[in-house]
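We call the chains A, B and C, going by the order they appear; numbering starts again at 1 in every chain.
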Amino acid sequence: MITKTTAYKIYWAGRYLERIEDIARASLCALHSNTSLDSLAKEYGLNSKEEIVIYIKKSFEFLREDIRGFADESIMIQLNNLGFIIDSNYTDMESYFSSILTSVMALGSSLDNYFVERKTEVRISSQEENEPEEMRGKRNLT
Amino acid sequence: MKIRKVTKDKAYNEFLNDPSYSLLIKNLESYGNKIFNLNRKANLQAFMEGFTFYTSLSYRGTPIDIIPRLLPLHLFSKISSYLIARNYVLNRLIKEVYEEKSAPLPDWILKTTPYFRPEMIGFTPPKGIYTHVYGADIVRVNGTPFILEDNLRIPSGISYSYKAFEYSMRFAPDLAEGYKILNLSGLEYLYDILRYVSGTKDPVIVLLTDGCYNSAYFEHRFISEKLGLILAEPSDIIIKDGEVVVDTVDEGEVHVDVIYRRIEDLDYLTPGLMKAYLRGWVTLANAPGTGIADDKATFVWIPYLAERYNVKLDGVIQPLTFCLYEKENLEKVLNYPTRFVIKKREGYGGIGLSIIKDDQINVLKEVVREYENFIAQEVLDFDTVVSVVGDSYYETYADLRFFTYYDKVATAVLSRVGILGSRVTNNSSGGLVKPVWIIE
Amino acid sequence: MDYRVKYISIYEYEADVILNENTLKIVPYDGDNQLLVKYEVNTVPKGYMTSYRDIFNNIVFKVKITEPHRRLEISSESVVKVDNRVIKTDYEFPYNYGFNEFLLPTKLVDPEPFQQIAKELVKGLKTLGEVIEAVVKFVTSKISYKPGVTNINTTAIEAFKLGYGVCQDYTHVTLAMLRALGIPARYVMGVVNDNPRATHAWVEVLTPDGTFLDVDPTRKRLYNLGYIKFAIGRDFSDTSPIVGYFVSSGKGGLKELKIEVKKL
């Protein structure tokens, strides 16, 4: 039973996680293609590369509050890891955005495992009734 | 073991004087300096795992002190019996005021609290129970338990009790060497009482929260998860004709039997819910309007009420407390302010609490202008314990919060440590949580 | 003298009000020189109502309305017997009353800033009556009657500095002066007995006998005023006839107030 407000949180957690991934990728792309981060920022309606970082931090806060609504402890650990990386020093922007991407992937993976139960493979095997008693007893030991 | 003191008060240090701690001290000494790092790691791990307490200021981890507090089983049993009896008195008082429409204490005290609900007059809640969950704040003075305050509106903290216990065991399991510790219980009592008042065998129970910014949101999730309750916010609750339902995306509108509410303001957040409750369409726990019994002025009257209802309250002492609307009392406090602890009637926990002994006389200015809203209590030099703070052991003040689920008391007890040098022991002031071990 | 008192106030709102909670003190005081013979309080819509006596023995009603409405009518009808007092004013001044709650500073009245002026004013005066007259004369000379300058939160010292006010302010400043002189006095809210258009405020001064002398600084009238008091307290905040709040998406407020006093 998923209440509407919980469903809302799951939906928005996905969107915020996607936003963080997206802007990290776009920033890396800009860095690799010699486009200035400031002009990338303008595409997002922001003024400078510092504002890109602020945008990521704000998105993370919303992400965190949404995830708190349904996550378990292992997801929280991945989430907080992402939080620490986002709060880390961003002088080396290449490194900064790459780390964010890696962490986003790890969190995404963790969420994936949470929602989808990995079942062990089961097979259908045939079985027969007409066996002597002693044979049945012996079979159980193997 | 070097223990730092922050105040010059001469209090009875439970840790150093109670013989049951000698084994714990030995175990701590075996850890040596490693204990400080373990405490730090436990706190970091707790934060990472989402064990947080949101204040209006920030999202922060709930600070943990991994050194347990010991409570002998016989004392727990004594306190338990006392609290069950006291809860009966509180429940009975609420019944007398709303159902019997009689006021056993000055009725302005009951009716001037913001928690009095005139719509409850003449209504009988399911099974006659108002106080499903009752949190009692107790301190020890030279080992003897004293009750400081009753909490009936939304007493919180049982999850902190479980978590503090868990983190302490995970990071410093050797502290328990040689001790026989009672298993934690309590959540199942909560479930039992909620099921009992639903009148059905397998009720649909909702835990009503106001969302992630509530300081106790961690607990809302913890409880709903452990007991299989549906965690819902006000917008998920729909009042229909004859029933209350919770709006889900996968199962449509699901009928609700009981709502364990963790919000007080029902009129504004869930309009219509009170009407549904009064019509018997849904059960609410705790019942609305229960706050008249945990008002600090009402506290003064509990011993009198116990006699009135023929209930024996012993095993725990109620400190001398009096209301300041009485002239002689007001005069006494104004003349000798440092002899008393002054508390304001409204407010949760530490807010409105003032310990004149350590505080400025400014509080008296407020007291004088609305003396009907203040009570005074004798100053209790309650026992101290020892806590890990940073890289040292400190002598600290701590209380004990017990959770009573109508007629059963949880063995999951919470001990809250005040910030260094302070006697104010509640989470919103930045204190620590300590695990409590009930030992045989 | 027996009076029938009718009080009705009507509130109107531009949008549905989903919650309206109010505390009412709209029934004549039962005690001292008044005997409340019968009383009734009603609201439309009905809502949940309860009543109690507060620390000053005022009869207080609390009403909570949760059904949506755009108009609220609060009314009371009572019959009260108001007796005249025996007036004696030649008590000696100063007099030590001991510890008295009506000498303490209150939310709106702090006697401290008035200490100096008050002591100057009563130099050489020997009786309570002389002091009361001097204070009333002083207050009315310093404050001119003008509505709209002060509001329900204006303190005594603020009104005094402004030099303008309404009955509430005259009463507050008089209380401040008297209390600064060690004379316990209380705030009274009620209605005058000749065609009241609104509620009025005046002072009751405690005598060493334990009785009260009624004084109206706004109209400069003293003793056995014959007014009908509804509530007494330390200052206006203890005696507000209607105070509360409403929850709505729009605005609203008092539309009409009608008070009727009839001699029986």
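Quick note on the criterion: a residue touches a chain if its C-beta (ideal position, glycine included) is under 8 Å from a C-beta of that chain, and two chains touch if they have at least 3 such contacts.
Owing to the predicted nature of the structure, the values given are computational and were not obtained by experimental measurement.
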Chain adjacency by touch: line, ring, star, complete or other shape? line
Nearest to the mean of all protein Cα atoms is the Cα centre of chain B
Among the chains here, which has the CA centroid at the largest distance from chain C's centroid? A
Compute the distance, rounded to whole Å, between the mean C-alpha positions of chain B and chain C. 41
How many angstrom between the C-alpha centroids of chain C and chain A? 65
Computed distance of Cα centres, chain B from chain A, in Å: 37
For chain C, residues contacting two or more additional chains: none
Of chain B, residues touching chain A in the complex: 47-50, 59, 211-213, 217-218, 221, 230-233, 235-236, 246-251, 254
Under the stated contact criterion, what part of chain A meets chain B in this complex? 1-7, 64-66, 68-69, 71, 73, 76-77, 80-81
Show me the residue ranges of chain C that touch chain B in the complex, using the header's touch definition. 18-19, 48-50, 52-55, 60, 62-64, 66, 99-101, 104-107, 247
Residues of chain B touching chain C in their complex? 103, 107-108, 110-112, 116-119, 121, 267-268, 271, 274-275, 325, 327, 330-331, 365, 368-372
